[in-house]
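This structure is in structure tokens; I'll ask about it shortly.
So that you can tell them apart, the chains are marked A, B and C in the order they are listed, and the count of residues begins at 1 in each.
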Amino acid sequence: MAIKTEQLILNMGPQHPSTHGVLRLEVELEGEVVTKVKPHLGYLHRCFEKHAEAMSYPQVIPYTDRMDYLASMYNNFGYVLAVEKLMGIKVPERVEYIRIIMGELQRIASHMVALGTYGLDIGAFTPFLYLFRDREKILTLFEMTCGARLLYNYMWVGGLSHDLHPDFVRMTREFISYFRPNVVEVNELLTFNKIFIERTANIGILPADTAINYGITGPNLRASGVKWDLRKNDPYSIYDRFDFEIPVGEGTMGTVGDCWDRYYVRVLEMEQSLRIIEQALDQLPEGDINESIPKRIKPPAGSVYQRVENSKGELGYFIISDGTLNPFRVKVRAPSFVNLSVLNELCRGHMVADIIAILGSIDIVLGEVDR
Amino acid sequence: MKISEEIFEILKNKFPDYKFGLETETPVEPVLSADPLKINEIAHFLAENEDLFFDSLMNLSGVDDANGEKSTDADGAEIITGGTLSVYYHLHSMKFNHKLTVKVSTPRENPEVESVEGIWKTANWHEREAYDMVGIIFLNHPDLERILMPYDWEEGSHPLRKDYKNPEFYHGMRVPY
Amino acid sequence: MYDFLVDLIGNEIIAAFISAALPVVFIVPFVIFGVLMERKVAGHMQDRLGPMRVGYHGILQTVADFFKLLQKEDIVADGIDKKFFNFAPYLVFAGSYAVYAALPFSSKYIGADIDLGIFYIIAVSGLVVAGILMAGWTSNNKYSLYGALRSAAQIVSYEIPTALIILSMVMLTGTLSLAEMSEMQTAYFWNWNIFGGAEWSFTKLLLIPFMFAGFLLFYISSLAEVNRTPFDMPEAESELVGGYHTEYSGIKFSMFFLAEYANMFAVSALVSVLFFGGYHSPIGYVGNTLGLEALIPFEQVFWFAAKGIFFVFVQMWLRWTLPRVRVDQLMTICWKYLIPYAFLNLLIIGIITLI
């Protein structure tokens, strides 16, 4: 007699410790093996795009902070670049340098959260707190500059809200020399831990062509072995002046594009960001940061698509202007939203515990997925 | 590396029967317009042609153009009749590093656009979002359902339309409480 | 102890009750201390301080937590099997508590000096599995069920290497009674089983490496038996939320907690009895030096607790250092590595004892 069996449907989230926010995954299981994962989004939907239509251009900036709240600086950066491109504003050198220093510090801070919470997902608690301890130092730098620790509203169209604090350069250099050895510590504790490698190597392999087809960008794409970084391949701002490398996944512990590669690319990227910051601090010119802030922000009618390399991937702003003070339409191409769409592809055939490992390695922020 | 004008010429030669337009009076980048019900074929060509090779769809946005007749209903809310809804495709070729913006416009009353999900998988969620927010129907999409709004949100109510009216009640709860 | 109480009171039943209730005097303070220790160890390992508010450096934190748990609403969700749901935490606690009956705290105190002490411990710790399965199944929650089934599979599998190592120790010492086993490792630390036992011959030297191997195997499998990281599958909070105790709150949840910490100490105590001389001091007794015979049992309790707490500390140390393995890897470790090595160890120790 055949035993009647049916698939177990497990609802993971919206309240679950490892979905990194309010994400609901509908998981179909055959025992412990996953046959299908369907993400249900929208629990954090705040109508950013609708709000933006009712705001003037500068008023949208604080809303961009709240999308990827772990990389607010970069969200500001992308938006102001888009508006400046539409208006044809050229910002002063000093502003460009400060933006890049802030953006790269933010990238390190965002990667710290990504790596720390990834360790947490795998069950290692301690690296998370080590990384958060160091992230605090970056947040202190931000606080010193603009008074906020999480949501900065720092970059304005044509300039910045505040100039650097007189101690900023010295303290940033101190942070860099403090943080470099700590990366080694995290590597010893987590990256090259045998159990961690067992859990992440050869799990959730993302081949390069699938990644491109799904529009995956950022560290996730680079982990699949594609040397693609907008800072190099489609430079914006003044990124073409800096000397840095693009780390790609090499399949050191398993196959190219597995979870371990996605994790390790982020570790390597932190070092490259430190290099960019060092160079930018060396070259930082003097100047007035406010000189190119326009009196009235009223771009000509037309559209612009500006993309930047956020810590999560390609962050794009598509802005349509109808020549009034408010944007006609702002559409955000959120990297987490696109990266999350490949989840089902990656999880199929793995076990329940691997969903957590894979989801963590994609590094999503729900504020950005749902906007 | 090809600029939009060259691609426009290539497309016009390849598909002589279809209508194309090129808007060059824009401040940043030209916008190429195409037929919404032929976009799948055109996209196939764009993605697979050896000289173009647009292997990545950077962004897909649904836009309410709000270019129809505007009138006000009894409550004083604005209603738009006629005009178009548009979908913007931002394409990029990682091989040649060139970009293209394609726009398709579809009538507001019957907004149907062919899905490009079969070419770029990333379009799947973007199209669902455009359907959810603006109400554009993507033909041949594998599961066209709401993505950001609740699944049981009022049928035919799409928040990013310019004449969208906030609902008063959701499941019997007052919305602007 | 029991005989002493019978002499004192003259009633066997009351004597048995008192004798059985005595471990509570140890367990409850230990759990209060253990939870605080876990949080302090975690805190200091993670470059922070841990609880600091209640009492000096937070020493009363667990007491405050205990009162908080007592006051909490006891939530019993609809659609669960209330009878077994309510019973499960007590069964789990009973299982881990029963183990203490056979643990020799000192030469003068052992709950029940049964000849089959060690087999009794292996047997009653199986009750915990029943309790966990009951808790997971009756919670009517998929996460709880996953946790419970994983836990059952894990504990049952890891009993095998544990039992095999215990068997090799039984072959070496020739007794099943834990008290006797401790008594054999008397005097100084080089007499401990991990250094080949009290008998001085060349087999002692031969035994040392295999004793160390046996200790490691036993310690690893005991970690799995008490569901500690890296084997904390059943309550893997990042996957299964809380595992089998997801649905419990208030005092019932604290029963699980109590059982977990009691279990941690029990396996640590077992390690110290099997390999590290049990209650015996490694460096001789103050009581002997001073000529105060009455002091010795208290010193023994101290050493027993100290050794046990040291191994509990190692468990915590591992927990805050290592990530968690996956459930299939957990089984691989057990069936492909631990069990064959345990068999090999058993064989070699058997041959050496025959020489």
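What we mean here is this: contacts are C-beta pairs under 8 Å (C-beta built on N, C-alpha and C of every residue); 3 or more make two chains touch, one makes a residue touch a chain.
Worth saying up front: this structure is predicted, and the values here are computed from it rather than measured.
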* Chain contact graph, described as a line, ring, star, complete graph or other shape -> line
* Please list the single chain whose C-alpha centre lies closest to the global protein C-alpha centre. => A
* Asked: At what distance in angstrom does the C-alpha mean of chain B lie from that of chain A?
  -> 26
* If you average the CA atoms of chain A and of chain C, how many Å lie between those two points? -> 45
* To do: Report the inter-chain centroid distance for chain B and chain C in whole angstrom, where each centroid is the mean of the CA atoms.
  => 64
* Sequence positions of chain C contacting 2 or more other chains -> none
* Structure fact -> Two or more other chains are touched by the chain B residues none
* Contact set on chain A toward chain C in their complex -> 8, 10, 16-18, 32, 119-126, 129-130, 133, 189-190, 193, 195-196, 198-199, 351-354, 356
* Asked: Which positions of chain C touch chain A when the two form their complex?
  -> 42, 45-48, 142-143, 146, 229-230, 232, 236-239, 241, 320-329
* Could you please specify the touching residues of chain B with respect to chain A in the complex? => 25-29, 31, 55-59, 61, 63-64, 88, 90, 94, 97, 101, 120-122, 124-126, 133, 146-150, 159-160, 164
* **Contact footprint of chain B on chain A as seen in their complex** => 41-42, 45, 47, 49-50, 53, 85-86, 88, 210, 212-215, 226, 228, 233-234, 299-305, 307, 314, 316, 318, 320, 329, 331, 333, 337-338, 341-342, 370-371
